[in-house]
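Okay, handing you the structure first.
So that you can tell them apart, the chains are marked A, B, C and D in the order they are listed, and the count of residues begins at 1 in each.
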Amino acid sequence: MAGNSFGTLFKLTTFGESHGEAIGGIIDGCPAGLELDLNLVQRELERRKPGQSAIVTQRKEPDMVKFLSGIFEGKTTGTPIGFVIENANQKSGDYSHIKDVYRPSHADYTYDQKYGNRDYRGGGRSSARETACRVAAGAVAKQLLHGMTFTAYTAAVGEISLNKKPGELNFGEIENNPVRCPDSETAGKMEAYIKEIRSQGDTVGGVVECIIGNVPAGLGEPVFDKLHARLGQAMLSINAVKGFEYGSGFSGSAMKGSQHNDLFNEDGSTRTNFSGGVQGGISNGMEITFRVAFKPVATLMQKQETINSEGEKIEMQGKGRHDPCVVPRAVAIVEAMAALVMADFYLLNKTSKI
Amino acid sequence: MAGNSFGTLFKLTTFGESHGEAIGGIIDGCPAGLELDLNLVQRELERRKPGQSAIVTQRKEPDMVKFLSGIFEGKTTGTPIGFVIENANQKSGDYSHIKDVYRPSHADYTYDQKYGNRDYRGGGRSSARETACRVAAGAVAKQLLHGMTFTAYTAAVGEISLNKKPGELNFGEIENNPVRCPDSETAGKMEAYIKEIRSQGDTVGGVVECIIGNVPAGLGEPVFDKLHARLGQAMLSINAVKGFEYGSGFSGSAMKGSQHNDLFNEDGSTRTNFSGGVQGGISNGMEITFRVAFKPVATLMQKQETINSEGEKIEMQGKGRHDPCVVPRAVAIVEAMAALVMADFYLLNKTSKI
Amino acid sequence: MAGNSFGTLFKLTTFGESHGEAIGGIIDGCPAGLELDLNLVQRELERRKPGQSAIVTQRKEPDMVKFLSGIFEGKTTGTPIGFVIENANQKSGDYSHIKDVYRPSHADYTYDQKYGNRDYRGGGRSSARETACRVAAGAVAKQLLHGMTFTAYTAAVGEISLNKKPGELNFGEIENNPVRCPDSETAGKMEAYIKEIRSQGDTVGGVVECIIGNVPAGLGEPVFDKLHARLGQAMLSINAVKGFEYGSGFSGSAMKGSQHNDLFNEDGSTRTNFSGGVQGGISNGMEITFRVAFKPVATLMQKQETINSEGEKIEMQGKGRHDPCVVPRAVAIVEAMAALVMADFYLLNKTSKI
Amino acid sequence: MAGNSFGTLFKLTTFGESHGEAIGGIIDGCPAGLELDLNLVQRELERRKPGQSAIVTQRKEPDMVKFLSGIFEGKTTGTPIGFVIENANQKSGDYSHIKDVYRPSHADYTYDQKYGNRDYRGGGRSSARETACRVAAGAVAKQLLHGMTFTAYTAAVGEISLNKKPGELNFGEIENNPVRCPDSETAGKMEAYIKEIRSQGDTVGGVVECIIGNVPAGLGEPVFDKLHARLGQAMLSINAVKGFEYGSGFSGSAMKGSQHNDLFNEDGSTRTNFSGGVQGGISNGMEITFRVAFKPVATLMQKQETINSEGEKIEMQGKGRHDPCVVPRAVAIVEAMAALVMADFYLLNKTSKI
C-alpha cells in the first residue's frame, strides 16, 4: 500500500488498523522551536473520539496519544515527532461471521481484490479509526499556524440543512450541542433526527462546512498543488466523503461572471467571496470556505442481503456499536486535515521569493 | 513555485506561460514498449484548442505538439517523454493597460502577493493555456490504459442541466455538437444560451460529468491517496473548477444508509452504483462516475471596477478573444486528468501483491 | 527536519532519539502476501545491538522490536508496517556536564546552528541508535527479496586490511568472530588491535565490504536514481561513513579502458567485474560489490580540548560505554540499507515494461 | 524509467537522448525575484561541451541553451524554468553495425534487459549528453547561491596525481590548461599522458576534487538526506563515476579518533577539516571538500571481443569521436551537481526553525 503519507514539507505518515495493537504516525518537517501544548492535542482527540455523546457510537476508546520523539523540554526539536495511540477496545473476539463476508458499500471486497488477503476483524486499515492519527497531527499543525483559525461545523444532517449564511451563525454554539451545529434550533432538529434514524437501525449522511480565518495572502502552489486542490484531496481522503466544493462551489457553476466576480476594495480585500479565499490556487487573504459531503454509514442494524467471498448470497446484519451519522465526529477530522494542508503551504511559501 | 508535477509513477511535469515562447512537459515513468499513435495525441489537443467552434474563444493557436524524446521507431523506450507546444499566438503587444491592474477574480493579485512580481502580459502560468500539456500527456496515458474508456461531457451550462441518467444518454452525440453534450436537444439550448450570454459581454459556468469504464477492481491506494481523492485533486487543479463529487456526491449526503448501500450481485458487481465505482479508495470494477463544477470565466466584455497595484480604484474592460463558457473545451481536460490519475494507479497496482 | 524517509515504493520513515522513550518506523509499500519471519528480524537486530561482544560498547539495550500493524496471520496485508523499539537504556541522568558543550567531530554544534536547540542528553537524533530501525526494516526487505543474498563483512580496521580477493574468502567465517571478518587470521589481528586502541582510550575507523548476489539484471533507474547512486546515498547516510565506492572504485580511476572493460561471455555474464554488477545505473546480473569507509568514533576516553556554546574553551573527556570501532556492528546496517535500496528497485522494476 | 528528477524543493527534471532532436529540462522551485545572467549559464555549458580542446572529443556540438519559461524581464518569476538544448550533431547515419551489439562496459545490455528495446543509435539516455542539462540547471543554482563558491578541478589522470594540499594550489590556474588542473606542471604531464593514451586507441580514468566555500552552517538534513549523502548520490549519478569520498574519506578509515577529531577554535571553526565541512549530515561552516572517481571511457579505438543480442561472439571497434578521458569536461558537471544539492538544502533550511 502506498499513499500513507500526506504533505511535502509538513509531512504526516500513519500506520495502524482498527484491530491491531496500536495506531500511530510520524510528523516529519515540523520546524524546531515550537512550544507544543499536548493538552490541546488531547482535546482535539476528544472531539473525534467514540462515546462522547448519545448520538455517536457507544464504543469506549480512550484515544490517549503518547508522543515518543521530537519534543524536548516542551518544544519541538526539529526531529520527527513519533506518536502512538493504543487500540484499547480491540478484542480478540469471534469474527467468523464476517470473515468471508463482503459487507455492502464497505471496502471488504476491494481490499480482497487488491491485496489478495485482509485483516477481517473489522475495517482494518479502511476503518475511520486511522483518522485519530490525523487529528493528533492536525492539532500540532494548528499550533504551528497559531493565529489562523479553523472552524468546522455540521451544516446538514440528511435533509436538515443549516439555512443561514456564515455571518449569521454563532460559532460559540458549535461545541454546545452534540451535533456540532452553530445554530441551536437546527441542532436540536438534527439531534432528534439522528436518534430517530438510529432507532430504525438505519444511518444518515451529512455535510460539514469549514472556514479558515486569518490566512495570509500567498499560500498555495499554482498548477497541480493549488490550495483548493490539496484541500480537496485532503477532504476526499477522509472516510465516507463523496464531495468537496469551495467558495461558490457547485452553485457557482450556474452563475454568470458578472455576478460571480469578487470586486476589490482598495485594500485588496473583496466585497464578496465567491472565490472562497483562493485565486489561481493561492490564498488571497479572505476567509477560505469549503463544504464536504459525507455519505450515510454503511453498517446498518438491519438485515441486508450480500455475498461472501465464494460469491454466494447470504444475509447479514451489523453488530456492535456504530455511528448512525459520522458528521458530528467528522468536524474534528475536517479541521485537522485543513490544518495539515495549510501547515504544508505555510512552510512551502517560505521559499517562494528570494 | 512548487507543484508542477503530478503523479508518483506515471509523472507529468509541465512548464510554460501563456505569453512565453512555448509550453511543454516531461512524462516520466511511462513503461517501455508502448506503441504510441501520435495522431491520437494531436486529436485530443484539437478538442481543447481555441477557435474550434463558434462558442469558444476565437483566438487562433495551432497547438501542435512536438515530441522530443522517449519514443523510438513508434514505441516508448522507457525514457522520459519530453514535448513542447509553441505559443504561436503570443504577441509582443502593448500590455501597459493591464500591467498594474488586478483583474477581479483573476490570479493577478495573488501572484503579486506570493512572488513579488509576475509576467503581466496575460495569465502567465495561471492561464489555462498550461492545460494543453495535460491534454497531451493524458492522451499518452489513455493509450497506456487501452481498454479503459474515458467519457466526459457537458452536463450543465449555467442553469440548463442535462436531466437524464447516464444510461439514457447517447455518448455518440458528444462530439456532434459544439457544447459536447450527449443529448442534442439540451445541447441546442446550451449553445443558444452561451451565445446569448456572450452577446451581453458576460460569461457563464457549467458542469462536466465523466465516466470511466472497464476499470479493473483494485486500483487506488487507500488512506491519503484514495482513488477519488487523487481524482478530486486532479479535477480541482484545473482552472476555474469549484467543486468535485463522485458517485452519489452531495446528494448522497441527504440519503439514508438503507437507500445508499450498493447491494452485491453474485459476481461482485453491484445493483446500484451510488459508490461511483470506488470503495475505501479502491476501484470495485463498476463504472467510476464523477462531476466537476466550473465557475464562469472571470474576463468580461463589460466594464468592471477594480484596483491597481497602488490600491487605486480604476475601471477596466476585457479585451481580446475569451471564452464565454469554458465547459465545452474543458471536457478534454477532464478526461486527460482522469487518465493521468488512472495511469498512475495502474502502475502502482503492479506492486500491491507479491 | 526533512529527510526521515528513504525509498520511493518500498519506503521507510523513522523517528526517535537516543534518549527518548522509543524509536521506531513505518514501512510503507511492502506488498501484501509476504510471509514474514519475525525471528529473522530480531536476529538481524542482534547483529547490530550493543553489548554483543567484548569489542563493542558494553551498553545494555535489548533492542526488542514490536510490530504494531501491517501483519496478519503471519503475512503482510499490504498496509503500512509500524514498529517500535523501546529505549530501555536511556536514563534520566545528569547531563549538565555536556549540556552546553560542543563535542569535537560530533553533531552538537551543527544541530544548534540549524535548529536553535537540541536534545542535549546524548546524540539525540544524530545518534547511531536510529540505525536499529533501519536494520529492522532491512530484515523485512531481505525477506521480500528472498533469493538475493546480502553479505557484508569487515574488510579493514585501521591499517589492518583483508588482503584477499572476494573469491578467496570464507563467508561462513563472518559470524564466527566478533569483528565479522571472513578470514580468521586477519580477524584475530583486528580484534587485538581494537582492544589495544580501546585500552588507550582511543578509537579507530575501518572499511566494510558488501556483496549482493543473485541479482536479476534490470534493477535500477538510470540518470539520477542509478542503482549505485542510491546505494551510495544509503551508505553515506549511515553514521560515521566517509566514502563509498563500487566495483573498481577509486582504483578504477587509475586504470586504462583496455584493462577496465568487462568483456562478455556468450551468456551475457562478464569475465571480469570491474563494473561491480552495474552498467548505466542498472544491474547486469553479476554480483554487486561495494565498499564503505567509516571514520573513527568521535567519543574518546581521553581528555580533549573543546568549546561550549558561549565559545569558551573547556576540557572534556567521554564518559560511559562507547564503541572503540563501529565497523563490527555496522556490518548489519550496511546489509540492511542495501536491502532497502534493492527492495525499492525491485518494486519499481515491475513497471518498466508494458 | 523513473528517477529523472533530482531535488526536493529546487528540483530538476530532465529528458532527452543523444540522438533525439533535443534534450532539455525543467527547474521547478527556483524562488521568484532572482536576477539571472544567462551568459553565465552558457559559459558553464562551454566548459562541458565537446570540441573545446585538443584532448577531448572533437565532436562539434554548439550546446546552445534556450530558456522557454520562468524568466521575465531578466528575473525569475517563480514559475518553472523550462529549457531545451538542440542535438545539432545527431545524424541519421547508419547504425546497423551497432544495432544488435552489446558494447563492453556500456549500458546496451542492461537497457535491453530492463526495457526490452532501446534507441540503438548511440548511448541514448545513458549517454553523458544528458549532463548538459545538469550543467545548465547548476548554473542557475549557482546564481541562487551567490556568495558560495564551487571549485572543482582535476586531481588525477590515471596514475598521475596532484600531490599537493588544497592550500598549496592555485585555483586561478584551473581554466588555464585543458586538463583543468590547478598546478601547471602536473597539468602538463596529464595532458601529455592523455594524448599518449589516445594515440594507443585507449582511454584512462581520473579523479575530480571539489571544494565548496562560504557555506553557512546549518545546511543539510540529518538521517537519510545528510548533506554528504545527497552529494554522494549526485556525484554517483554522473556517468562513469565509481566512487565518492568527502573530508578524510577512505584514508580516514585508517586513522585513530585522536588524530581525526577536528578540534574547535573559539569561533566555532575547526583547526583541521577531516570532517570535510559536514557533521551529522549538516554543514558546519568550514569548506566542504570531496573527491569523485571516474572510470576510463568504455569506447576504445581498439578491437574488442564482444557479443550481440543473439549471444554470438563478434569483434568490434569504436568509431567516431570520443573522449580519451572524461575528467577535464566532468569538472563542470561536478560543480553543477554540487550546486543543485546545495540549492535544495538552502531552500529546505528556510523551514528548519520557527
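Convention: contacts are C-beta pairs under 8 Å (C-beta built on N, C-alpha and C of every residue); 3 or more make two chains touch, one makes a residue touch a chain.
Given the structure is predicted, the values throughout are model-derived calculations rather than measurements.
Two chain pairs, A-C and B-C, are compared here, and A-C has more C-beta pairs in contact (counted per touch definition above). Across the assembly, the mean Cα position most removed from that of subunit A is the one of D.
Taking each chain's centre as the average of its CA atoms, subunit A and subunit C sit 39 Å apart. Centre-to-centre spacing of subunit B and subunit C amounts to 46 Å, using the average Cα coordinate of each chain. Each of residues 1-5, 8-9, 14, 29, 32-33, 78-79, 114-116, 125, 222, 348, 351-353 in subunit A touches at least two other chains. Taken chain by chain, the contacts link every pair, so each chain touches all the others. Across the interface of their complex, subunit D is touched by residues 1-6, 8, 14, 102, 104-107, 109-111, 113-116, 125-126, 130, 156, 158-159, 197, 202-207, 217-226, 228-230, 232-237, 242-250, 252-268, 270, 274-276, 278-285, 293-300, 302, 304-307, 311-313, 348-349, 351-353 of subunit C. On the side of subunit D, the complex with subunit A involves touching residues 8-9, 29, 31-34, 78-79, 144, 222, 347-348, 350-354.
For subunit D in complex with subunit B, the touching residues are 1-5, 9, 11, 13-17, 20-26, 28-29, 32-33, 66, 68-70, 72, 75, 77-82, 84, 114-119, 124-125.
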